[in-house]
Amino acid sequence: MKRIGVFICWCGSNIAGTVDVEKVAEAARSMPGVVYATDYKYTCSEPGQQMIKDAIREQHLTGVVIGSCSPRMHEKTFRKTVESAGLNPYLLEVANLREHCSWVHPREEATTRKAIDLVRAAVAKVARNHPLHQGHIPVEKRALVIGGGIAGIQAALDIAESGYETVLVEREPSIGGRMAQLDKTFPTLDCSACILTPKMVDVSRHDKVTLLTYSEVEKVEGYIGNFTVTVRRKAAYVDHSKCTGCGLCMEKCPAKKIPSEFEMSLGRRTAIYRPFPQAVPNKPVIDREHCLKFKTGKCGVCAHFCPRGAIDYEQQDQRVTLHVGAIVVATGYDLFDPALYSEYGYGRYPDVITGLHFERLVNSSGPTGGHIVRPSDHKEPKNVVFIQCVGSRDEAKGVSYCSKICCMYTAKHAILLAEHVPGAHPYVFYMDVRTAGKGYEEFYKRATEEFGATYIRGRVSKVYPRGDKLVVRGEDTLLGKPVEIEADLVVLANAVVARHDAAEVARSVGFSYDGHHFFTEAHPKLAPVETNTAGVFLAGVCQGPKDIPETVAQASAAAAKVVALFSKDQMATNPMTAQVDPACCAGCMLCEPVCPYHAIRPETIQERVGGKAISRQVASVNEGLCQGCGACTAACRTGCIDLKGYTHQQILAEVEALCL
Amino acid sequence: MTQYWVIDRPRAEAWLRGLTQKQEVLVPAARSGVWAFLPLEAGLAIGWDGANPLLPAKGAFFPQTDPLFRFRREEGKLNIEPVAEAVRERVLFGIRPCDARSLALLDKVFGGPFADSQYQARRAATLLVAWACDHPRPTCFCQSVGVDPTTAPEADVMFAPLPRESRPAQGSEQAPHQREPGSEMQYLVWAQTQRGQSWLESGMDYLARAQAGQVEAWQETAAGMANAHPLELDMEGVTDRLRQRFDDSMWEELSARCLGCGICTFVCPTCHCFDIADWQRGQEGLRFKCWDSCSFRDFTLMAGGHNPRPTKKERIRQRFLHKLLYFVDRYGAVACVGCGRCVEQCPVHLDITEVILRVKGGEWANV
Amino acid sequence: MKIAYYPGCSLHSTGIEYDLSGRRVCQDLDIELQELPDWTCCGASSAHVTDHVLALALPARNLALADDLGLDVTAPCAACYNRLQVTRHELAHDPKLRQEVEELLGRPYTGRAAVRSLVDLVASVGEEAVRQRTRRPLRGLKVAAYYGCLLVRPAGILQPDDPENPQGLDRILAAAGAEPVEWPFKTECCGASFALTDHTEVVTRLVAQLVDGAQAAGAEAIVTACPLCHSNLDMRQETAPGATPLPVYYFTELLGIAFGHSAAELGIGKHSIDGTQLLAQHGWSQAV
Amino acid sequence: MTVNAVTEKLRQTARDLLQSGQVGVVIGFEDGRFPGQPRPAFIRRAEDADRLVWNAFCGANLAKYVLDYRVGDGKIAVVAKGCDGAALARIIGDQQFPRQRLVVLAVGCPGMLDAGRVADAAGLPDGAWDAALAQVAAAAEPGADGFELNGKPVSRSAGLRPQCVRCRQPNVPAALEPDVWLSEPAPERHPSPDQLYGDVAALEAMSVEERGRFWEEAFSRCLRCFACRNVCPVCDCRECVLDDAQTRWLGKAVNLAENQFFHLTRAMHVAGRCVGCGQCEEACPVGLPLTVLYRKLSHDLEELFGPVEMPAPQEGKAAAGAAEGAAAGLEKAEWALTRFRLNDPDEFD
Amino acid sequence: MSIRAAAAGSQTAEAEEVLGPAEARRQAHQASQPAAAGAPAPQAWEPLIVAFCCNWCSYAGADLAGTSRLGYPPNVRVIRVPCSGRVNPLFIVKAFQSGADGVLVAGCHPGDCHYSTGNYFTRRRFLLFRRLLEFIGVEPGRFHARWISGSEGPKFAQVMTEITQEVRRLGPNRMLRDARDVQ
């Protein structure tokens, strides 16, 4: 037999000034299952809560309804109250008599009648509430960070610094990512390597960080607190436990003319190589595709010269299984292929390059030793045209979004050019100059005012060679005239795009991505570093274009989320999850595609039908993943997925009670 | 000595329509293409020439949904008020001998020591006027189960259509083209009970005495109809044989085709299984009786989830054993009146005649 | 292969050499051309700037004629090609417009017949076929393949391989042994729309840029696939005294030479700038 | 008695399948008590294969019966017209029966006849159809354009069932990759929009009050015998929500409101899943125009969200009849209501 | 007697006595209608509107309307659900069956769902369901779906006002109602 207690709060005069609270309490007394009803001036006050606790004990209540302010305000408070009196906290319902009633309606009978209806609905619902218990999931206090760029490094460091084991997985032979390729950073013009390399070293030396470079995440299973991750460690053909990184092998390697990926093919590397001198770990790998030993079977020079015998041509890929409680995804970005804009001649004219090429050209450890020269003839360029928005903000040929960093790095390039090449003249074709950031507008101003960069608002229609120059033809839309500039070098600010394999990564880890294949945050405002998959967080440009400070901030935010998760031994789960009644579930799995959290999976159950044991498929909800949205319940034709706390019966009872 | 009367169709119509002034008269009629026994009212055509209604006469006494009582919780007390249906005198006109027999069978179920008062009250208040059946359907087999299509002993009054040649001109001399089709039809009418007799006496304005030869003419027709046999079944020993065939593979084979719907039970004039359920709104509600069907999966489903008749096999076995065995054991007659409704309506052509055939050793095949 | 042939007015007048050479080349490549019976103007010159529906109805009629033959249709003239393609696209995407056009034509329009440029048609036969058919390889002949605008724009509708740096014509010419030069003005405007106005100086300037560009890239001739481009380039080159102008060929003319036909057969003699001299210089005097 | 070629091949195939033990049962049709009313048959022994028939009255959708064999792992063979095939695809997609356990005996369907309509068209008196219909069933090839009955020429279209007039899928969907073709595939059918949706449009053209009256009148006739649901091959739930005694979505009383609840529920559940076999209407003893409701929803779903395509057959598997390959394309059903596009129309603001 | 007639007849008999409070209002309305002139209305009919609001946006929007003291007619009763995707169309039928005169489903704007995609399913489901309701004769103004964010307190109040007005104009709902407590 239900024994429901109803408490109507005056909220001072907030409710009582409009609603006849005594009448509401009186009406409640005759509602089905109600054995006790009263009103009180401030239910949320200490004596108010005490009154509820007393009533629960004295009246042996099995359910409590509080008619008060919005449940979004005090539901948690009252749950604790109820719980401290020995009642399950979920045997409580709050009727919203303030925000939904007394504050929006005049003092009249209809308002009191509505209050009674709302209480009746809450009573009808609570009569069908079941005790719910928070589940507890043990949390594996080890984090996985995918991607060893600045975002991944920062996140790994922050988590490790908080005392938790962290595994940092990087696909390339060295961590460092895109930032390692940059020369200076805007708007301070401090040297990228100078601020990055110490962090690279820190993370590699940190006793809580396990660095897995030249490795890729293959498979992720499990759920928050309990992921099982398979990582493939690609064969480096160098035993890094023996290698000291002396570099002799690289000196001796006969295959020296391989275009360096790190140098954007502006420089060369050997077949046994490290991507760049400050690489971490500073140990080489063998590029099997170009290695003579692998191609011809003859060579073995590196093995011959290695003083430690670290070269191992027989090495195989290895699979490592990791158990982690949280994952930070920081897989970075690719750049748009500017050859798709054939009017700019990229790929046809060697002196049309991208911004990242420019970074390498201006970098003192780059292929030209920091001398800005034309790739074609190694002459120093004077007139350099920078073209903005190559691919960005162009729905017809490129991508719809703004790549966010190009305006600033182009201003930086203009300044670097002017600094490095006396008498050089930077021209910038732009659509809009976007400088939202601390010190950014000032930096852009310096480029124009101090360093004499000429900014031309307009698109370039054609770049073509004339003699050894490149004619850049475009329109100055402010003057309304065509312009033509004879340039020595053209630099394209090509768009930031998602990694070519981003969708695969998202699918393998199990979260969603947008139309551009950037990873989707759980909420654009309120959960910008979370994904829809609990326990998986995002950092850096894999989530969308952003600059270094934003990337670092997001990485730290993701780390903070991980650390918060790890701060408890067990994670309390939301008990209001979906639940399948396997007896009636037909296993059609039409609920599966509507679940945003991939919490529903088919499961095989054993059953006895007509005396025979059979096994069949039903849907099953992983309570660790389920967030309790209930979308599955409406997709289920049989009605056999229900949402605890918002069951079909509860909602139907509310509907009926409101319509009496 | 039975007194015979004759009435033509227009007069009969006038009589019945006149009766509706003071009581309800249920007649076979179609609404939206569905044949049933409907209260006669202006604009409703009596289905003189129509088929036996899809919905049998049982609904007039045992409605599909039938409120029992109302309950209300007031000040901690539960008040129960019976639903006092004012049972009014009424005439059920135009039922055929098969449906009339079904009422006799239902009387056994709803009578006896545990009588259903609502059913009984409705029965008592209803005068039955039966038609001798001159419209057998290809699916009819009433004679095989012992129903004589020409007469319904359960009825208060019988109407029998007279063969055309035995109808001397009666009444007005209207030109044939001015008449309603069928208005030339005449019926031989006689009472079978005292109550029927009184009813006929109240309708003397419309009735004429049967003339010489008309009774004989009807008797001759009736004798011919008694051998019509659209569908003939041999019921001999069926009940006893079924006693041995509870575990027969026949049930599994038959049930393969069954869809588990309730058509056969709902159109059956003798099926009488019902459920009792509540309809509740807040502090008050209604308890009602409603038709149920043994072919429904949830008919025997228990609260704990166990179902003693878990598959279609057990369910159709129950249905046919009930009709042909259990009912016979309990009430001494098969619970089938041969109306053929299930034969005609089953979407997959699975019906009682096939069961009877198989029990009698017939193969699966056609008749 | 059989295809309907829509010559358009140019190929029956100023561009007759394109018609002559085109037909021969197609014959050599086993492409059977069936001229559309009773074809009408494509509307390129005036209709499309005066009345949008008329500009669609004219090409639609010709497309419908091809439909009757159950064939796809080729239009050698770039302007005709452009109008037919644009019409097909618009009618496919706007059922109301299509209905309007059908009413205007007084006949159904199905849009079944696909439209192909002559360049695309020859390219589809394949470079290998061209190579095999070549009797007189154009070895050493440096040419600037000039596409103009109408073959590539609007790119969304015409779907060229690359709207800024197309390759189709280059590949065909290379297959015939010529050396197409890499030059930046392949799709630059020749100013054709000004050719019929008072502003011919615009044309002269644009043509000069094209010719200079071709020459700078080392080309000895410009090759085109458009009668409008051809007439502009052929008639409006202003050369400094003493300098030789750059001959301009239809690509079918050069293919015709390569396939062994004579200049006369191909109508090369009809150019304003003598086209035979260059051929003779390369030792194909039999052809001249 | 002569049998048509399809029946011949069907019997032979069934015999082979049963004899070789490849299948435990062949589901097809056999002659029923009355001519023109063949009934579903479940043939388990090779010697019973000759009971199988295929004629112009084999309208019932057999796919529903597959669900009765969910428990177990033997194979079953099913004779499949276009609509049976579409229903089988749906059942497989809903993961209620694995393709691997099915042997699909496809038959191109020329449209099935309705005994009553044929009799009406031939002017046969009520109750006197039998001999005539027997003649149609036995003699006429299922696809014959017409036949002579009662001394009158009767065109096939006059006797066609209404759902067959609307048919767009006379053959099983390609993705089902039938194991055996018992006949040539039937030619494609292209019913006019009027044939498909004329009755829907007529209702749409009414005022909302008129429509309300129409449906109230219809729903008030419902007996709640559940024949529409039980015959429906896409009602493939193990337990119907309407039978849920715990939540009691649907009350037991038979009245207009409960009937409406029943039919609206069913409409939402078959929306976009209905295969148009028309069995619901055919089974309904009180003649509810149920497919009007379902066609309205299918039409609107397509209008709102575009067609949901059937999965394409796997490359190269079609000829082999390898069920394993076929299943790959079918195994997950798409339902318009459990998917979405970001740019779906939005009429709510 | 037909089954149907029997059922209807028996319903008539007990109807008046099983009345809920809302029913009293409804009857009062009928009494106040011109057709039943003469009997003075003790209390006019008031539309009853059931609103299913998602916890994160629309329910919060309703709270904001409250904290901002934005008035709207007291005819609306909100049922809180975690997400508009939780709302089964059958709930709407049940609401009409139980006596609601209008029903609203309110959720986050598409793209803003707390659970990222729930309301996209809501949108599909109710676009279709609304057409179904109208097809079987429910007046277009009875069922509504709206996107109301947590910051749209004014919109919540405005929507409630509009819907109440519209339903008031339509009068008491008859379609889908369980007739057992009304005649």
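For reference, chains read A, B, C, D and E in written order, and residue numbers begin at 1 within each chain.
Throughout what follows, a contact is a pair of C-beta atoms (placed from the backbone, for glycine too) under 8 Å apart; a residue touches a chain by one contact, two chains touch by 3 or more.
Worth saying up front: this structure is predicted, and the values here are computed from it rather than measured.
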Q: With contacts defined as at the top, give the pair, A-C or B-D, that has more of them.
A: B-D
Q.
Which chain is most central here if centres come from C-alpha coordinates alone?
A. D
Q: Name the chain whose C-alpha centroid is most distant from the C-alpha centroid of chain B.
A: C
Q | CA centroid of chain A to CA centroid of chain C, Å | A | 53
Q) So, what's the distance in Å between the C-alpha centres of chain D and chain B? A) 33
Q: List the centre-to-centre spacing of chain D and chain E in whole Å, with centres computed as mean CA coordinates.
A: 37
Q. Chain A to chain B: how many Å between their CA centres?
A. 72
Q) What are the residues of chain C that contact at least two other chains? A) none
Q) What residues in chain B touch two or more of the other chains? A) 55, 64-65, 279, 281-282
**Q.** Where chain E touches two or more other chains, by residue
**A.** 3-4, 7, 11, 20, 89, 94, 98, 117, 121, 125, 180
Q.
Could you list, by residue number, the parts of chain B that touch chain A in their complex?
A. 73, 75, 281-283, 305, 310-311
Q: Within their complex, state which residues of chain A touch chain D.
A: 515, 583-591, 593-594, 602, 609-610, 612, 614, 616-617, 635, 637-640, 648-649, 652
Q: Mind listing the chain B positions that touch chain D in their complex?
A: 32-34, 51, 54-55, 64-65, 137-138, 230, 253, 256-257, 259-263, 265-267, 275, 277, 279, 288, 290-293, 296-298, 301, 303, 312, 343, 345, 347-350, 353-354, 364-367
Q | Partner chain E, residues of chain D touching it in the complex | A | 203-204, 208-216, 220-221, 223, 241, 249, 253-258, 260-261, 264-265, 267-268, 271, 293, 296-297, 300-301, 304-305, 336-342, 344-349
(Q) Per the contact definition, I'd like the list of chain E residues that touch chain D in the complex. (A) 3-4, 7-8, 11, 89-90, 93-94, 97, 110-111, 117, 120-121, 123-132, 134-140, 144-147, 175-180
